[in-house]
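Got some structures for you, see below.
In what follows, chain A forms one complex with chain B and a second complex with chain C.
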Partner chain A sequence: MSETSHKPSAVAHAATAPTRRELYEAGVRKRSNRVALLSTLAVLGAIVVLVPLAPGWESVQRAFFNGRVFAATFPGLLEAFVLNVAIFAWSAPLIAIVGLAIALCRDTRSPALFPLRLFGIAYTDVFRGLPVVLVIYIIGFGIPGLGLPRPWNSPYIWGTLALVLVYSAYVAEVLRSGIDSIHQSQRSAAASLGLSERDTMRYVVLPQAIRNVVPANMNLFIALQKDVALLSFIGPVEIFRQAGVYKSLYANFTPYVGAALIFLALTIPATRYADYLMNKQNRARR
Partner chain B sequence: MKTIATASLAFVLTSTAGLADGHASCATGNTLTDGVLTIATGNPAYYPWVMNDDPESGEGFEAAVAYAIAAEMGFAADAVTWVRTSFDEAIQPGAKNFDFNMQQYSITPERDEMVDFSAPYYTSAMAVLTTQAVIDAGAEASLESLRNLKWGAVATTTALPLLSDVIQPDSDPLLYNDNADVNAAIMAGQIDAALYDLPTALYLSAVVVEGGALLGQFPAEQSETPDQFGLLMEDGNPLKECVDAAIAALNESGELAAIEAQWLADATGVPVIE
Partner chain C sequence: MMAKLSLRGVRKRFGDVDVCNGIDLDVADGEMVCLIGASGSGKSTLLRCMNLLEPIDDGSIWLDGSDISEPGLDAQPVRQKIGIVFQSYNLFPHMTAAENVMLAPRRVHGHTRDALRPKITALFERFGLGDRMDHYPDQLSGGQQQRVAIIRALAMAPEIMLFDEITSALDPELVGEVLDVLRDLRQQGMTMVLATHEMGFARELADKVCFLDAGRILEQGPPAKLFTAPREARTKAFLSRVL
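Moving on, here comes the complex of A and B:
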């Protein structure tokens, strides 16, 4: 009863002072902030205090977080990482081109081009279904084994081809989903304006389709950056292999931690950027 | 005749028993499982170190040495069990699933800081594995000639320091996971030559690599830091003294040399690289 009698005065104050609801909500926010802070501190504290209490912590620390080994191997790892970046840099454009070509193969509509469509389907099915390592082995050792002369048997060439084959299959599928997302009415509209099928694709469908799938493709390229390390299986000494060499020489896993840090320094900003693009796109659509 | 046989059998039995008693004290309570010696080897274990990937047979140099060491430590052959580990499993922190690990581990001071090694049981020369085609193309057993070759090696071996410090090839070597991948690269013509320990190289050139040949060897005596194989053990393993004593005894009695002569081919025919 007394609550109702107070209500008019609260409303009168609304313009100047916070309402009781606002006060209440601010209190809830403060309280949940405090709880979040406390629980985060408790978890961090537990990790920092409890993990070193584990009986094997010292040996784990010596094997994975060894400062001496880290300092001795980190410069060599950085040097080897240049090769990863180089392989990535020449693979990425090739993947984009081949991926687009395969996506267009799958979108052909003329009956005469059915073989092309079939090829596109077979290609994506096969190369998305195979583990990357397997393709790298088969192509990296198999094709040079046919008796190609140097330098045409280089593991760099055939390893790159293996990466391009596998990743372009994924990129093709992503692009195809982008092409499919463009409504048929747009093609009809383009046709009614007198655009040829080719120009419709070039000027109407693709610009929208590619824009729609940029974030998904960013994720693929982040994955590619990590999979470049798989080329080490057929010879190139990139960062993962170099870390393995150091691991073997020092009987210590710290070089892998160093390599992981270098990877993260590149992939975290890239992932954040992909997320940013995705959010921006979602906002624009709303 | 029968009495003599029985008597000699009895003598053998008592002498082995005496041997077992003498060494039992150092191994007792220090193995993973009481009364059993657990030995690790590679997966697969390669010829000529272990024949047919079957260490239980005791055939092959390392398998034979393992059983000889076990006998010196007082373990009968049926008290020896085998497990398989990779290199990474052998050096990972935490409890090990073996008493000692035997797969051509080279002893280096860096590794010794993380794990324990026994006294060396073999000192290996390093050898250059290549193909007849490369030799026909003019490759010679000299450092200048070796420098021009395209090199490969297994990434986890100590062949690498020798390659980068002594041979100093003109182009960066390519590195691989295991012997099989190096051989594939040689046969695909992606590399001219690979560096292996001599017994492995002899086997690969004769049996595995098509048209394989040995260009030359770097003898152990010539090297400042020869490649010595030791048993790998967990850091601070109390069994180390016991194992070292067994290896020393095998060395003195000449048994180690006899096993080496039986399982490892004579390599005097391979030219020496100065």
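Moving on, here comes the complex of A and C:
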């Protein structure tokens, strides 16, 4: 969490002539860059040359990489993706809140609150142990099956609930590991000042714990963004479902490729950013 | 005269090791007591027992004549009266120096930041940190961090201060600035108990020096006596190694 990273200044010797060691290291670097470039080109070249030689390539190209279908369906897919983003946007804060609550339940020590602790353990065990799609089916079809009146039979509500249930179990576990990672001496220092356990958790432990697990939680939320597509099984016409509609309409799989590209456009930068945060944190710890 | 803080037969055991093995100690009001002894002789544990961070296994601890070591007693009010400063500072890294200091007075005494600011500014200035209040711990040197930790403990207006080898983690040139703070507190009449390796400092300022060995106070007395004419052979051996 140190904002001031002290980078060793590489320009210290810029004015003077390079040392023997610097010359040697520059040579090694140049050589390994050259090797990396050559091997990458060789692999790419092999793919470009060999794949079109496969017997089914022409039909695959027609079915999956059809420019005309791509152009016709892409705007519609993009529009459907807004729904994915919306579902994500209202699920994520709920997941953060429920995940925190469950993590705190699991961390209670008082015997009177033992039922809470038990609930926290059972909750994380159950929802981390079930496939997401199964929870979506059971909740998404089961609860509206009770014959609830509109709008309480909406698949949006129950699909969101399913996502929140599953993902908050994972977020709770990540947060708990963050809470455990805070050194005992921090709690000692807080206790020695006369702070209550509650205040120690709220002002000393949690702020540090949450900061420590931001990168790990980023990865969970990237997974959530993808799993929003599973809600298509219970009704909402989000991008995956929309791609299916186009597939039937054009008798062509290209819309799926379009949908994949749209997902990647969002998830790759997010993944890179999570990795960047993780690396930064590892450096700060060293 | 009744002692401010009294320990009677205090025992603390970690697993098979008797870290404190029947300790008797009296600290009078305004007195400065130094605990000396080799690493592992029980100095730190004894301090942690005094403000109830470690529950004692046997014996009793008395503060102003009341037993604070009774099992099940609420430790919070006691800890508010007995401040402790640790070897490794233990500042809260996500808060500025000023926030570190204000947290407990805000949460425990219910003061507002605005009400506290002038008081803690005075404390920071008194200890030469007037321009460091809004820095984060990792932007401060070890000596500065340790002074912030002392201010943090003082801000709760404790009646007794415990110092657990607070200069041991510091570079030699930073030790002086922290010891100056202790001199200042000594002049103000603060009751203090220090675990320390700074023999020169103990000799200069302590009212009483206790030599701990294997969880017992082997010998205690005024520094002039203990440092120049130790009674016990082990005390002599220890002092000849560190002086």
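A few notes on this one:
Here is the rule we go by: the second predicted complex is superposed on the first by the 255 of 286 C-alpha atoms of A that agree within 3 Å, B and C clash if a C-alpha of one lies under 4 Å from a C-alpha of the other, contacts with A are read in each partner's own complex, and residues count from 1 in each chain.
In this section, a residue touches a chain if its C-beta (ideal position, glycine included) is under 8 Å from a C-beta of that chain, and two chains touch if they have at least 3 such contacts.
For clarity, every value in this text was computed on a predicted model and none was experimentally measured.
Shared-chain residue A:37: touches no atom of chain B or chain C. Contacts of A:211 after superposition on the shared chain: chain C is touched, whereas chain B is not.
Using the contact criterion defined above for the overlaid structures, shared-chain residue A:154 touches chain B, although it does not reach chain C. Once the two complexes are laid over each other on the shared chain, residue contacts for A:144 go to chain B alone; chain C is not touched. In the overlay built on the shared chain, the residue A:236 is in contact with chain B alone; chain C does not reach it. More chain A residues lie in contact with B than with the other chain of the pair chain B and chain C.
When both complexes are overlaid on chain A, the residue A:62 reaches chain B alone and has no touch with chain C. Touch criterion met: A:199 reaches chain C, while chain B stays clear of it. In the superposed pair of complexes, A:245 makes contact with chain B only, with no contact to chain C.
Within the superposed three-chain model, A:223 lies out of touch with both chain B and chain C [touch as defined at top]. When the two complexes are laid over each other on chain A, chain A has no residue in contact with both chain B and chain C. Only residues 48, 51, 53, 75-77, 79-80, 83-84, 86, 88, 90-94, 103-104, 107-108, 136, 138-139, 152-153, 156 of chain C touch chain A when the two sit together in their complex. Partner chain C is touched in their complex by these residues of chain A: 1-4, 185-186, 188-196, 199, 203-204, 207-208, 211.
Of all residues in chain B, those touching chain A in their complex are 87-88, 91-94, 108, 110-111, 113-115, 150, 152, 155-158, 160-161, 172-177, 181, 184-185, 187-191, 235. Here chain A touches chain B in the complex through residues 56, 59-60, 62-64, 141, 144-145, 147-150, 153-155, 232-237, 241, 244-245, 247-253, going by the rule given at the top.
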